[in-house]
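In what follows, a structure is listed as structure tokens, so that the remarks can point back to it.
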Amino acid sequence: MSRKNVFVYRFYIPFVDTDAAGVVHFTNYLRYVERAEEEMFRSEDLSYKDVNTKGIWLPRVEAFIRFLRPLRHTDLAEINLWVSDYGEKHVKYCFEIKNLTTNELAAKGHLTIVCAEIGGRATKCPEMMIKKILKYYSEETCE
Amino acid sequence: MSRKNVFVYRFYIPFVDTDAAGVVHFTNYLRYVERAEEEMFRSEDLSYKDVNTKGIWLPRVEAFIRFLRPLRHTDLAEINLWVSDYGEKHVKYCFEIKNLTTNELAAKGHLTIVCAEIGGRATKCPEMMIKKILKYYSEETCE
Amino acid sequence: MSRKNVFVYRFYIPFVDTDAAGVVHFTNYLRYVERAEEEMFRSEDLSYKDVNTKGIWLPRVEAFIRFLRPLRHTDLAEINLWVSDYGEKHVKYCFEIKNLTTNELAAKGHLTIVCAEIGGRATKCPEMMIKKILKYYSEETCE
Amino acid sequence: MSRKNVFVYRFYIPFVDTDAAGVVHFTNYLRYVERAEEEMFRSEDLSYKDVNTKGIWLPRVEAFIRFLRPLRHTDLAEINLWVSDYGEKHVKYCFEIKNLTTNELAAKGHLTIVCAEIGGRATKCPEMMIKKILKYYSEETCE
């Protein structure tokens, strides 16, 4: 099945992200997802910082992740990120984390963000932001 | 409502855990939950290391977290952790993260772990481990 | 030799701080030193946040650390922190990191901070801050 | 002055590395240096993992860093890394961290590693490793 509109981000697993079990510590998986989001923004000439300058932050309000297979030091990882749902004030991302070295699906899940003023109240997301990230909208859902 | 059998772990938010939005980075919340689990083990004279010595690791297989309110540098945080479900090879924890400085619920969710050999196959959890952590079993569920 | 005026901070090594070599990742040692500094402030009823409220931040300008022996998951660590030098605008801390589980000196070094406005210019440290942390001044030097 | 033999690694500062002062937390600078070392190894078809497979680890024994100017979220950073000294069992790296967005030198220092068996005893570094990284040897010293 071809999945159009998915943002793809690849990188090698650094040593610092591993733990004494010899694998990437589970909390780093969500850091990779945020990194992929940042790279997606960057690829669209849209930076967090530009959004922040408008007084808007992008707090995360919900995350779900199923850990399937380990990632190890020096493995080549690939994040697949897409927008599965959005509204005036929120965006729901779905993601898959692949281990290209072992050819296994390492994790999958979702991450929901809102646009918010510094004080914390949800507010409308900048039109430009929504317009740009909808390039990665897909009807394919996730858990 | 009194919630019996809940493990309680308190600590002050360190600077390193904050981000440029002035609040704790969302991925650190799950680190706090793992820390609470370690302290719960320690309080029962049971250490990860003892479990590891038996060739058993405790990989996390699923996490869900709803972020409700921010935690800031120097805030006093309290993790509430309990076992809501378990089997021969897995344990499901529920957790709440409270901000005692603002008197708000900062986050809640669940974290499911399995007992596994280093290679990755799920295996029976050590009886001693299950026996001890069941002190924190509660029928109260979570999302 | 008795070393008066040293602030002592103890904690157990959490799993997340280890790496695939089975030991604490070297960059976490300096995080422990900062944590000890925060606890020292807290013990004197002085918080980073109070200092920040005056528009003053405490950027680190120099660090030196010699890594001597490893720290492992669940080891009991002890940070010894003292002020070895200070001026109107800076404080130099010396530190030792001990592994109380193996009874070895794990690391030692120094960390120099300045008081600075948010923009980055060095400025006078709050008198109250200097007064309070001088409780931990010692003529004993370090590398 | 042209500095031959320097390994150059560039990346954008991710949000997770910042702290509540709005800048990269100081302990992440040394993580960047290790990342640059990993990328240097990778560029020479030499991986930490290959070295580890021979039963050899590369613990860090000494680090010195002078923090000069901040790095902020989305800034483009450039690590310059070179070998300034080496022996049978150790390698001393010098590094500079540049902020290409502000055109400032953000930090400089050194990091010394040894080759060691898992148990901790220093041992001879693999010939292949030394041979390959000497491509980045420079007589230019650092602090």
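Residue numbering begins at 1 within each chain, and the chains themselves are lettered A, B, C and D in the order written.
Operating definition for what follows: contacts are C-beta pairs under 8 Å (C-beta built on N, C-alpha and C of every residue); 3 or more make two chains touch, one makes a residue touch a chain.
What you see is a predicted model, and the numbers here were worked out from it, not measured in a lab.
Comparing the chain pairs A-D and A-B, the larger number of C-beta pairs in contact belongs to A-B. Spacing of chain A relative to chain B, judged by their CA centroids, is 23 angstrom. A straight line joining the Cα centres of chain A and chain C is 34 Å long. In whole angstrom, the spacing between the mean C-alpha positions of chain A and chain D is 28.
Counting partners per residue, chain A has 15-16, 20, 22-23, 27, 31, 34, 72-73 as the residues that reach two or more other chains.
Taken as a contact graph, with one node per protein chain and an edge wherever two chains touch, the assembly is complete, since every chain touches every other chain. Chain A makes touch with chain B in their complex at residues 20-23, 26-28, 30-31, 34, 57, 59-67, 69-70, 118, 120. Chain contact summary for the complex, chain D toward chain A: residues 12, 14-16, 31, 34-35, 38, 42, 47-49, 72-74. If you check the complex, the residues on chain A that touch chain C are 15-16, 18-20, 22-23, 25, 27, 72-73.
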